[in-house]
Structures are given as C-alpha cells and as structure tokens.
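Note that subunit A is present in both complexes that follow, paired respectively with subunit B and with subunit C.
== the complex of A and B ==
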C-alpha cells in the first residue's frame, strides 16, 4: 500500500559478499539479532512458556509482575509472558504467509512485465496501480466478514495487497536488465526465454527482493496487528494485536498490560525495518555530498607541500601568461582541483595557469579527463559536489576574485561571466518555457522590468538567428530542436552582456551542419560585444575555426600554449601533434588544416599514419 | 489538455467500476448466506428465509448485482441488512469525521514533509538529514494505531494536553474539533511526513546534480530562485507518494478511529464486517474509492501543471 523508496537501478551484488558486508554494519547486526530472538521465541514457545497461554486463573486478573508471572496477568487472568511468546508464533506465521503470497504474485508478474513489455506490462501495471488505489483495510474487513475470520486466508489477502511492492521493484529491475546487451547476446545465441529468465533475471532481482521482503514483513506485521486489534482472528489464538486491544481497554487503570505487546510489536517491526534499510544501503550506490571536513581535507592536500620528491614537478604550475594581470578578462594562476574519494584525494587539475585578454578567443584543447571542463567550472565557481579548487589567483576583468567569499563570486555570474554549456537539451529546465528561463535572470539579476526583460529576450533570440522568436519563447524545451536549444542557451549567456564568455564544448552535441553555424555565431557575438571567449573543445577543427590562441591540456596539466598558427605549424609537444592529426576526420576547419600541412612537410608522416587510422571512416563517407 | 483530463477521468471511473464490482462478488462469495450472522444462531430457518426474501438474497446473484449496481450508479447504496437504515444516511454522518482526520493528516504530511525534504536536500549528510533517515526507517513500517496508542499514553494521559478519546463536531466548537482530531491526525501523519520528506530529499538531490541547475546558477540566479526550479522538477515523485499515502491513511484511519473513539467509518466498518452487513461494506468501499479517484485525478492535474511533458501523453 505504501511504496518503498527505491532506486530503479541497483548494482548487481553477489550473495556471499552481501552477507559478509551486512555483518560489518553494527545496526544491521543488532537488528538481525533482535529478529533472531523473536524467531527463537516463536519456535520455542511451547518450551519457554511457563503456562498455557489460554489458562485462566482468576487470581491473576490484572496482576502486577512477580510471583512466577514475570510480566503479570491480563484482564482475563492469563499469563502475559506465555501469551506474548505464543503471540510471536502467530505474528511470524502470518508474516510468512503474507510475504510468500506477495512474492509469488508480485515477482513473476514483475519479471514478465519488465522482460516482455507491451500488453503484459500494461495489464500488470494497471492491476498493480488499481490494487494500490484500493483501501486495503476495508476490503480485508470484507474478506474477514466472509471467511469466518480464517487467519491464513486473511493473511493471503493481505499478501495480495502488498504484492504491488514486489511487482514494482522487480519490474524496474527486469526492465533495466532487459536493456543490457548481454541479454540480447543470449537471445541471439539461441538461449530460450525461460532459460534467460531463470539464469539472468532471477539473479538480477534477487537482492532487491530480499530488501523488499524485510520491509513487507514489517508492514504485514503492523497491518496484521491492526486487524487483530479490531477483533479479527480467533479468540483462542493468542496474538499481539489482540493483547493490545485488551490492554487498550484497561489503559487508564492497568497500563502495563498495553505496554508489553506494544514493545514486542514495535521492536519486531523496527528490527525488520532496520534490516531492510541496511540491506538497501548495501546494494544501492548512494553518493553523499562530503561534509565540510572532507572539503577541508581536499583543500589541504591540494595546497600542502609535495609529500615525496618524485611529486615535485607536479607542484610547479604549467602554462604561461601572455598579458598583464590587470589587463586580462580572465587569468588563472596555478589552479588545482581535487575530489575526495574513499581512497584519498584525486587531483584532476594539477597546476594550470592561463589568461585571456578582452576580445581574445582562447581555446582549451584536450581529451576527456584532461581537466579542461573542470578548469571552466572553477572559473564559474560551480564545481560539481565534492570538488574543491585551490589557486594562487583567479582574475576576472582585471580583478582578483579567487579569494572572495562564494556569495560575492556568484555575483559575477550572468553579469561579468556568461556560460554556454555542452548538452543543449539537458541544460534547459524542462518544466519552464524558454521565455521564463530567459526573462527570469534579466528581471532578477539585471533588474529589468517585465516588459523590458521580455523585449530584451526577444531581441537576443533574433540576434542568435532564431527567425520565429515568439513561438520559441512560448515553447517548452522538449518542443524545440537541439540546435535551437543551443541558440537559446547562447542567447541566455550573452543577454546580460558579459565581458567573458566561457563555452564548454558548445558544438559537440550538435549535428555537423549546425556545428559550423553555432561556431560562426559565437565568433560574431564575441566580436560584436568585444568579449573574451574561452572555448573548451577536444576538436582542433574548432580551434582552427575561431581561436586566436590555444592551450593544450593532458592529465590535468598544460603541455603547450601558443598562437593557433604557430601550434598548427610547429607543435612543440608530440602530444599536440598527435591531437592535431587525430582531428583530421572532422569536417570543419579542414581547409585550415590542409593549409597547415601544405606548409609543414614535417606533418606528412603523421598524415599518413592517421589516414590509415581513420581509413574505415573515410571509405564510408 | 482537455483530452488529458478526459482520459484521466475515464481511467478513474473504470477503476471505480472494477473495484466496486470486484468487492461485490468477493463479498457475496466470501460471506455466503448472511442470515445466520445477521440473526444470530438462535434464529429459526423460517426467520432466516423471511430475512433472505426481505433483503433480496433469494434472487440470482447477477440480478442482485444489477439491482445494487444500477442504484449505486445513481448514488443510492441501499439499506443496511441489520437495522434497515439507508446506508447513505449512516455514511453521511460518519464519512466527514474520517475525511477530516485524513485530510488534516495529508495536509500535515505535505506541508511538513516538503519543508523537511527541502531542508535535508539542501544539506545532505547534515544532522537533520541523518535524523530523517533514521525516522523514515522506523516510522515507515510502524502502524498508525501503534503510534496513536503511544501518543495517547503520552500526550493525553501523562501530559493531558489533548482529550484521549471522543469527537467534537465543528458545529459545536471549532477549537474543540481541532483538539479532538489533532492526536489522530498526527499519529497518522508521522509516518507519511517522513515518507514525503525522504522522497522529496532524494528527488531534490537527483535534480540538483543535473546540468540545467548549473546553467541556472551560471546565469546569476540566487540560491532561493534556483531552489524553486529544483523543487518543481523534484516534486512529481513526492506528489505521487503523497497520493498513495492518502489511500494508506484512509485504511489506517479505520483503526486509529477505534483508538480515539471517533464516530467515523472505522467502527461502522468493523461492526458491519463482524456481522456480514454487505450493503454497508459495499457503500463504504465505493465512497472511499471515489475519494481515492478524486485524489488521483487532482494528482494528475498537478503533475500535468508541474511537468509540461505529462500533458501531451
């Protein structure tokens, strides 16, 4: 009836390792111990109980603990401890029936719906949703009315109502596994559906089902007690819910009678809940933002002296400065960026220095993982959670901002610095119209009136080459194309007339035909507004198209800096030469590249090598 | 948008028809001959036969179903088999009581759950976040009536802040009404609050890591404005849980009402179930499902408003 908060995808976990890792969690071990005690009490009830649970001794009515009855007697003169022990039997027996019923219904349906999809999925999901929309308690009371209060039947009915919990988690998991390539491979290899389901699916859904069972058992025990509290179930079978009802009637005069079964019920349910949550923790990958202490540790590791002589070169800044600090639109001095990982601090940028003057276009080139995007995020002061940056200096508009508090750094954004992201679609808020997303910063950051902000937004859209601005303004992000979305993002970046525009791979996610147009647009805007443009790319074609100077990065360090012409003609570092030749198969900037090679026979060897390398793609074209 | 509303409405009506018909046949098959239960074991076969004729139980099952269904479709749920009072009259007295408890509990869980969820989402791993994690583990499974017994023992008997039992109609005294439904609502809401909070917190963190949040910040928007964007994107999961909880709370209210001796549908359902008074049980089922359908419909409208993509489905 209630949904367990579960991630749809869970890392597959081996049985033995899960069990071993579980035993390392103190809370989980305690909870498991408590459950073991309850199970032992239920199994051993006939031997542990000092009296027959239904034996009535009038002297014992409302008796206080003591005198051979450690927990006293109830309102009918029966020994409470004995009834509690036998009640554990009823409770666990009911929980097992409920869980088995829910499991047998929910798991096969979930696997089938997730694996076969289509009609099977729609029908099963509708039934599951319907079951969750039915107030189960009332229907259970209807069942109880008819079945002569047969406990086992009632528990099966309860299991039916809890089956959607199993169904949902199994279906989500089966759906995720179904999309894995190895299932396709198995089908192509001629493995039959039943066999795939048995071998792959059941292994994949095993761990979440264990978690779900712990949670379902807890809920089942609670609902079972609720039903017994309402008077459902045979009077001759002792149960905790019934005992709570008895205690409730005498609550004001003999509160102890209510206390014992309440404790038993609460502790058992809590134990199951903690077992479930510990298991869920173990099989789902949770990434928590590190605390302030962890950030401090990263900061110290980045700023501290080199631990060993071998690390010394890393502690020296890489890259050069072309301009005076006060003349720069952007200047970075010896930047380091690190992330806290379980094994220590991982440095992704290791001493980077660069600068860009107003009106200059600086390219930062490198492979993925070279630290170029992290450098850009540091300029914005928007590193992903867990990242920490340390620098000797960060200058924007000729002003040192690296040591400003983050609130003051944030005031640069949108005003002095504009940002063009890589993926156009994921960088627009899907819930708001384009108009809202362009107008909001103009009004609340730049202080324009509503009409002025709208007029400005429309004007910028026209400027970035959108021919029907009114339609685009009224659209939601999913209603416009990727190229259009990137133009909207560029419009948003330049709407506040920043002096520095940073663009993170602005053309990578676009169609080839749109790429050239967007680059051309960035170049035009940069010249029109006199901005410095820092453009991150892995593509030397882009560099050749619009950059004045280029910084080549590798493994978090700068290997080479220089004017584009010079870098193409005489790359000093072999890595640069390699990157240039690897960009050969890209269309844009081909002309400039060809010129560069024509002028530089030294690259002919590289040309041959990479031509052989990309030959397959060339043939395809 | 109109076809979206029509589709949701149709789906709700279909659910209502399927569930009430299903409950009808389930009840008839499960109960069998209701007259021994209604009259007690001392009744003669002649008395039982007379009652069977009076309540129409001697007619074929499908005829009985059609009679019940065609009347129910016009909003008439027949008369009780025990005291021959119209089911509608009995429900009109009791449904508002249950509904007020459940609605207050739902509002409490929405308001406090959202506040807690945002606070934890803004500072994951902080004190409040760890507290929520612990509370959600325990309160997720503990039944509402268990919590209500604890609350009664503590707040009503020990501290005497609230009445332990009884119900004051808002016609008599609004303050007394509020005091009488505070403890029942809170005991129902506690588990729901942490569920909503946990769901929103997880959604919040998931959305906060998405690219567009960085882009919004890069435009210079304040933290408060960015939080509103994140919240809107994170809300669908929490809203869905809230709607599911409403169903759970309706069921939970039945037991909690017994604890607080509230004159809601709880005691009516309990007694009808014990003697096999099928028309009352069917009426109660239909009415609760109607409320569930209404809540689900409202949820769909809100989800459509929050997320423009849903509208086009």
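== the complex of A and C ==
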C-alpha cells in the first residue's frame, strides 16, 4: 500500500487543560483566591501576626478593635488577629491530615473492590457501610479522651470516618471502567493486576477524587471546628473552634469575639465548596450551552447574504426536488446546520435540498461526518445542544414546519413522523417495561384509553413479527435481544400511523441476519401503510436492498441524487462510484489476493485500489 | 503467501466447552464442544450471528473466559488454564484487537503510552520502546507525531490502527481479532482489512478473525468456520464455504448480507425469504 490515507503530519489541536478551563469560571477563581489567602495567612502566620497568639495582656481583655489590635482582644486578653492567623494553620493542617487519611484508605479499597469484585468487594463494602452507621462524633470524643487529646490522631480518626465517601465514588468508577475493553487489552498484553490498578484504574478515578477532596476538606474543617468548640485539642494551640467557644460564652456582651472566627470558618468552607462544585461542573459537563446571542450569531452566519449570481457554489443549495411541494411527505429546501466553536461557526450541513413522496423510500448515503444524520435530526427537531438549523423551508406532509415553535414541532413526532434510531438498546429506558414505553405515547399523543392503547401496542407488536407479544410487553429492555429491541422501536414508531418514517442507520448495530430481517420488516410496513421512508446509511448494500431513490452526501453537501438503478449503473459523481466500490461483494477473496501476490508482490493492484479511493477515514457511529 | 501446510498448528482448540454462570444455579453453555486449528501465518475466520459463541471462543483463547472442558494448545503447549505468570508469558505470542474503537484505548493515556505499555511490562527499556513504537506507527500508516496525542483526537478507523499497532508491538505470532471492522464505515473497513493483510505478509502473524460478516471473512481469511448456537456447522477453505455453502444456515447467512447491486440484491432477497420461510 503506497498511498497514505491521511497527511503525514497532523494539524496541531488546541487542547485546553482542566486548569485553563477552571480559570475561565469567575466563581471558581474567586473561591480559589480566597483559599489561597487563607493558605498564605497560615503559612506566613509567624511573620504576619503582630503579637504572640498566647501573650496575655489584661488591658486587652474584651477590647474593641483599634489601638494596634485591628480585631480587638478576647476574654483572656489575647490579640484576636494573631490567634486567627495561627488558627488557620491548625485548621488547614488538620484538614490535610484528614483528607490524606481518607484518600489513603478509601481510594485503594475502592479501586480494589471495583476491579476485583467478589469477596474483596463484599468485605470492603461491609466495612464502609459499618463506618457510616457508627455515630462518628461519639467515637471521635472517645478517641480524643483515650489519646490524651492528640490532635493529629484525632484528625486521622476523622479521616477514617470520611473514607467511605472516597470509597464509594472510587468503587463506582472502577466498576464501570473494569468492563472497558482496554482493561481486557491490558491483561492480554501481560500487564499485571497491580500495574493495571496503579495506571489505568487510578487515572480513571483521578478527576472525581479531586472534586471529592475539595468537598471533604470543607467537611473536615467544619467537623474539626465542632470538636474544638467542644473543648478538644491543646489549650496552647490557637484554633478557630476554640475561639468560637470563647466568643460563644460572651456572645451577648461582646458579639465581635464570636464574629471573627465564624467569618474565617464560613468563608473557608464556602470557598472549598465552590471550588468543588466548579471542578465537578468542568469534569462532568463537556460542552457548554451556547448563549442566546451565540445561537443568533450562528443563525446569521448560516443565513448569510443571498447568493448572487456567480457567487461561490458553497452558498447555493445542493440537491434537487423530484416532486411537487404539495405531494411530498418530506421536503427540505436549502438546509444549513452550524455549531458555534471558539474559532467561529462550523457548518456541518451546507445547503441541502431533498424530498420524498408517500410510498417512496429515500436513502441518504454518506460516510460519517457527511452531515446525513444532522439533516434528519433537523427534520425531527432533535439537533444536539449548540446546533442551529436554518432552512428556506421544511415541509412535512405538505405543511411548512420549519418556522413553527419547538413545542409545536414536538407534536409532529409520533403523529406525522415516526423515528427508528441506530442503537436499539440505548433508545429504550431500562427502568420501564416495554408495555409502558409503547402505551404511554399512544395515550398522550393520540388520547387513547389505557385498554385501547394496550390493544393497539399488542397489535403492532404482532405486526412487527413478535410471536409472543404479551411476554415482550411485560419485559424490561435488558430481557430482550438487540434485534427484538429494534422491532419494539419500529413498532413504537409506526403505532401512530405516521406519514413519514425516518430511520437513522437502523441496522448498523445489528448483525447481518438481524439486519436482513429488519430491512424486510421496514419494507413491508412502508408498503402496507404507504409511508415515505427516509433511511440514513453508509452501506450501499442496504441502499440496493430497500431504496427507490438515493441522495449521496459528502462534507455537508449533496453530490448526487437519483433513482437507485441509475445511481448504481451510471454514478455521475466519482465519490458515489468510490462508495459503491467500497463494498466487498465482488472484490477478490483472500485466495485470489494471495495468488496475485505470489505471482508478483509489487503488482498488488487490488490493495492499491482500495487504499487510494479513501479520502479520509472515519467510522459509522 | 498461501496458507501453510497444517503439520503442527500454531493454535489448536479441541472439543472446547465454555459455560457462563447466569445465576447461582443457571448456566448457559456458550460453546458446545468446538474444535479449530490456526496454522502459522494463516488467517482463520469464525463467523456467525450474535450469541453464536464466536466471541466466546476468542475470549477463551485469550484467557478471558473460563474453560469448562476441552483443550487449547499453543505451539504444542497446553494453555487451557494458564493463569498468572504463565498467562503473562503468552502475551509475547498472543495479542488482541477488539471491536469497539472507542472503549479499547484508555482515554487518559497518550497514544505513545498506550503503545509502550506492553513493551514496558515486558522489561524493555524506555528509549528502546520509543523506537519500536515509532516503527509500529509507521507500519500501521499513522504519523509518528501521533504519540503525543490522546485517542479522542482520532477517528474510529485511526483508533483501530492504534489498536492494531498495540497488538503488534510485542511481535506476537497470533492475534485474536474480535469484530475489528464491524464498527467502521465501509470504506474504512476496506482499508483496515488491507492493512491486516499487509501486516500478515510483512510479519507472518496468524489471525483468528471473528466476524458476523461473511463478506469481510471472505476478503481476509484462508479458512473459515461457521458457528451457530455454540457449535461449528460448517468449516473449510473460505473460497469453498463462501461460494458453495453446504449447510442451510451458512446459505442463509451468506444471503442475508445485502450486495451493492439492486437487481442482484432483489434476487438474493427473494431466495433469502424462501429459505427463511422454509426454515
């Protein structure tokens, strides 16, 4: 193979680190700033403090702020500001010990329990549950009494009580990752279990652990202050909890003494909580909802100026209409779909016009990235967040729907438009039975009574070839096979007798035997109900099997439209010819390839052919 | 290179039975006494519908599924129940490429780390591993600066190339390919299959190739076994099985895949419907 399928060097991509993304969140930056101030105060306490925190000056007792003591004095005549600064040391030191103890116990146990399962999992989970059911405060008081009020030991004990938080989050993540094929691949590659735990598993749990640590630190500081408030800890070490206790005793006469440590504690805990929630947001949410203004900008960019004669072909619609507008089950005119990106508007559909009449099967063919799925998602009004569509017109069943509000668009689904998705399993809700998922739409959309809706659901299931409809109705999605699930979804799509059935790669996730069954079923239903069927696929075999007309898409534009026989006999666009020839039907088998190779390895013509005809490679999903 | 003579097969599976435990008492027999052989430098296909047990057989060879009875031997050595260090030693010889181009690469590792891992666990020095990784990327026709990138930056076909490179870095003698092209566009399928063939000619590696698509198997495999409900119903040279299938199930499987020609496809569909209704 001589032709490289893509450029020898890859264009540099902008990778935005978590840190950089964090710095774009104002709330997170403020919270982080506050925490940095607290940390700085703790570290620099010996230099920042105007007085020794334990120096007693009787003149200062209950003193109001001023006279060299910005925050005044406490009930024993000590400088409050100095005690607050030194107290920050105690607080942060304790929080660090607690978090480290929780991490060291919870994370390894969680990773091991999730990865190994079985006995390890049961024992670890039992200990974790037991820890959570023990009254922590009482045990901590006992520990405090038993260890002579050793602060470090007490904080470790607190860490043990907070370890289940780490354990549960780590175990859940490890359980999910354990089933990933890359773990199997690592095992086959000879990677030992300890190494898998250390590399793959730890990397997988890293992000949620960072979030959990911010939250745990906040909890730890609160609990620590509570313990100190109760009088635990050395009297010679200044701490915020102790100061609050002092202030509490004189709360009515000298409220300021209580106010200062309360502010310090409240602000620190709030900062940690905001840091945690900002991180959680960044880690779990990958894409941000574009603002209204951004959507408007995309809309304007897509609509653009009207194409003048001789303008770029890009601004002119691609594709043709075959039928009169009034006769169409679906008609799209000059559709553009764009997404807002940091560098501008990315157009994924660039001017597409097509139509389909009742009783007709239209295939939309192309590789992934060609915009075929985006086109039909526009018809369904189900574009992913951030997607904006602009069209000169979208007609369903002879009615212009492109400018209807989305609530009205939604009512079309189930009535005028039926939809068969690509992944049957992920399109059924695992929490509900098949019966509920088929009957509910019939009741809400078509206003059928419960018994009538069930009878209709049962009837459609029989129609899609399910021989024991009552068992299937009572089943949960995980109890039926993938092929069966696709039949159920088809039943749901046609139950409302739509005039247009849209199928997005309905057979890609299924194996060939089930694929043939599903195609046969779609064909039968389409003829029986006289629906227009629009089927999106990357497989020209499927097109040859079921379609009357074909639309070939590439890079968001239609390169060719025509009746199936003509497209296969005389493809006008070279890209169409490439796609058709990608089918392995009439290519040489391995024996012929090897015979050719044996004759002359350099004349490996067939391999070169298939290597050269690929522009960029991508996948079907 | 034609399929070598089967004097001493590289991989021999004899009468293999694998059960899955569904509940405490309920067991599902996924394989009901299956025998196959794979010769050196040969590609043997396993084809069947989902639930036929074809992937289970691949998993059993890799040590990822527990064997109930029967024997798997590699190069004369019994590996049926190889565990721990013995199994890790086999990583030198047996590798895998999975179906899912998304789940089979750790999203948190760069491509360089993914490819170096099998070498580092085998004790290769880091600098030397880097050289091997660069060579392998070149072999699977990926640019060498891919090492600093994460799998999410690649398309499905490119990720499958990375997975193939990972399988090859230890220079194994057998790669188990579990539906490696099923999730790809047809055009990408063709190039990945050609890559598999090229690599086989360059390195002499043998493939056990699991697929539900007889068209794919016909393109790449020397021999094929058709599986149905945990048993092999037909075996033979791919040419024979794909053109003159004897078992009715093979015939149905063959006719189920649509061909890119409307006229011929209409005939095939009619034949398939006849077979289906008579079955």
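To be clear about the criterion, the second predicted complex is superposed on the first by the 404 of 621 C-alpha atoms of A that agree within 3 Å, B and C clash if a C-alpha of one lies under 4 Å from a C-alpha of the other, contacts with A are read in each partner's own complex, and residues count from 1 in each chain.
In this section, a contact is a pair of C-beta atoms (placed from the backbone, for glycine too) under 8 Å apart; a residue touches a chain by one contact, two chains touch by 3 or more.
Everything numeric here is computed off the predicted structure, so don't read it as measured data.
Peer 1: Just to be sure I read the superposition right, which of the two partners does A:142 touch: subunit B = first, subunit C = second, or both, or neither?
Peer 2: first
Peer 1: Would you sort A:380 into first (subunit B), second (subunit C), both or neither based on which partner it touches?
Peer 2: A:380: touches subunit B, not subunit C.
Peer 1: When the two structures are overlaid on chain A, which partner does A:564 contact: first (subunit B), second (subunit C), both, or neither?
Peer 2: After superposing on A, A:564 lies in contact with subunit C but is clear of subunit B.
Peer 1: Taking the superposition as given, does A:516 touch the first partner, subunit B, the second, subunit C, both, or neither?
Peer 2: A:516 sits against subunit C, while subunit B stays out of touch.
Peer 1: By the touch definition at the top of the document, which applies to A:270: first (subunit B), second (subunit C), both, or neither?
Peer 2: The answer is first: A:270 touches subunit B but not subunit C.
Peer 1: For A:445, decide between first (touching subunit B), second (touching subunit C), both and neither.
Peer 2: first
Peer 1: Going by the contact rule set out at the top, does A:67 touch subunit B (first), subunit C (second), both, or neither?
Peer 2: It touches nothing on subunit B or subunit C.
Peer 1: In the superposed arrangement, which partner chain does A:203 touch: subunit B (first), subunit C (second), both, or neither?
Peer 2: Only subunit C; A:203 stays clear of subunit B.
Peer 1: Residues on subunit A in contact with subunit B in one complex and with subunit C in the other?
Peer 2: Subunit A residues touching both partners: 1, 4-5.
Peer 1: Could you please specify the touching residues of subunit C with respect to subunit A in the complex?
Peer 2: Residues 1-2, 43, 49-51, 62-64, 87-92, 94-96, 98-106, 108-109, 117-118, 121-122, 141, 143, 145-146, 149-150, 153, 155-158, 163, 166, 170, 183-191, 193-195, 197-198, 201, 212-216, 218-222, 237-239, 242, 252-253, 255-265, 269, 272-273.
Peer 1: Enumerate the contact residues on subunit A facing subunit C in the complex.
Peer 2: 1, 4-10, 13, 15, 180-182, 184-192, 195, 199-200, 203-204, 206, 367-368, 481-482, 511-516, 519-520, 538-545, 564-565, 568, 578-580, 582-585, 587-591, 593-595, 597-598, 601, 607, 610-611, 613-614, 616-621
Peer 1: Under the stated contact criterion, what part of subunit A meets subunit B in this complex?
Peer 2: Per the stated touch rule, the residues are 1-5, 130, 132-139, 141-147, 215, 218-219, 221-223, 225-226, 229-232, 244, 248, 251-252, 255, 258, 262, 265-266, 269-270, 272-274, 276-277, 288-291, 377, 380, 382, 384-385, 410-411, 413-415, 417-419, 421, 423, 426-432, 437, 440-441, 444-445, 476, 478, 489, 492-493, 496.
Peer 1: Tell me, which parts of subunit B touch subunit A in their complex?
Peer 2: Subunit B reaches subunit A through residues 15, 18-19, 23, 26-27, 29-32, 37, 124-125, 133, 136-138, 140-143, 145-146, 149-150, 152-153, 157, 195, 198-199, 202, 208-212, 214-222, 225, 229, 232-233, 240-241, 244-245, 247-248, 250-252, 254-255, 258-259, 269-270, 272-276, 278, 281, 284-285, 288-289, 292-293, 296, 306-309.
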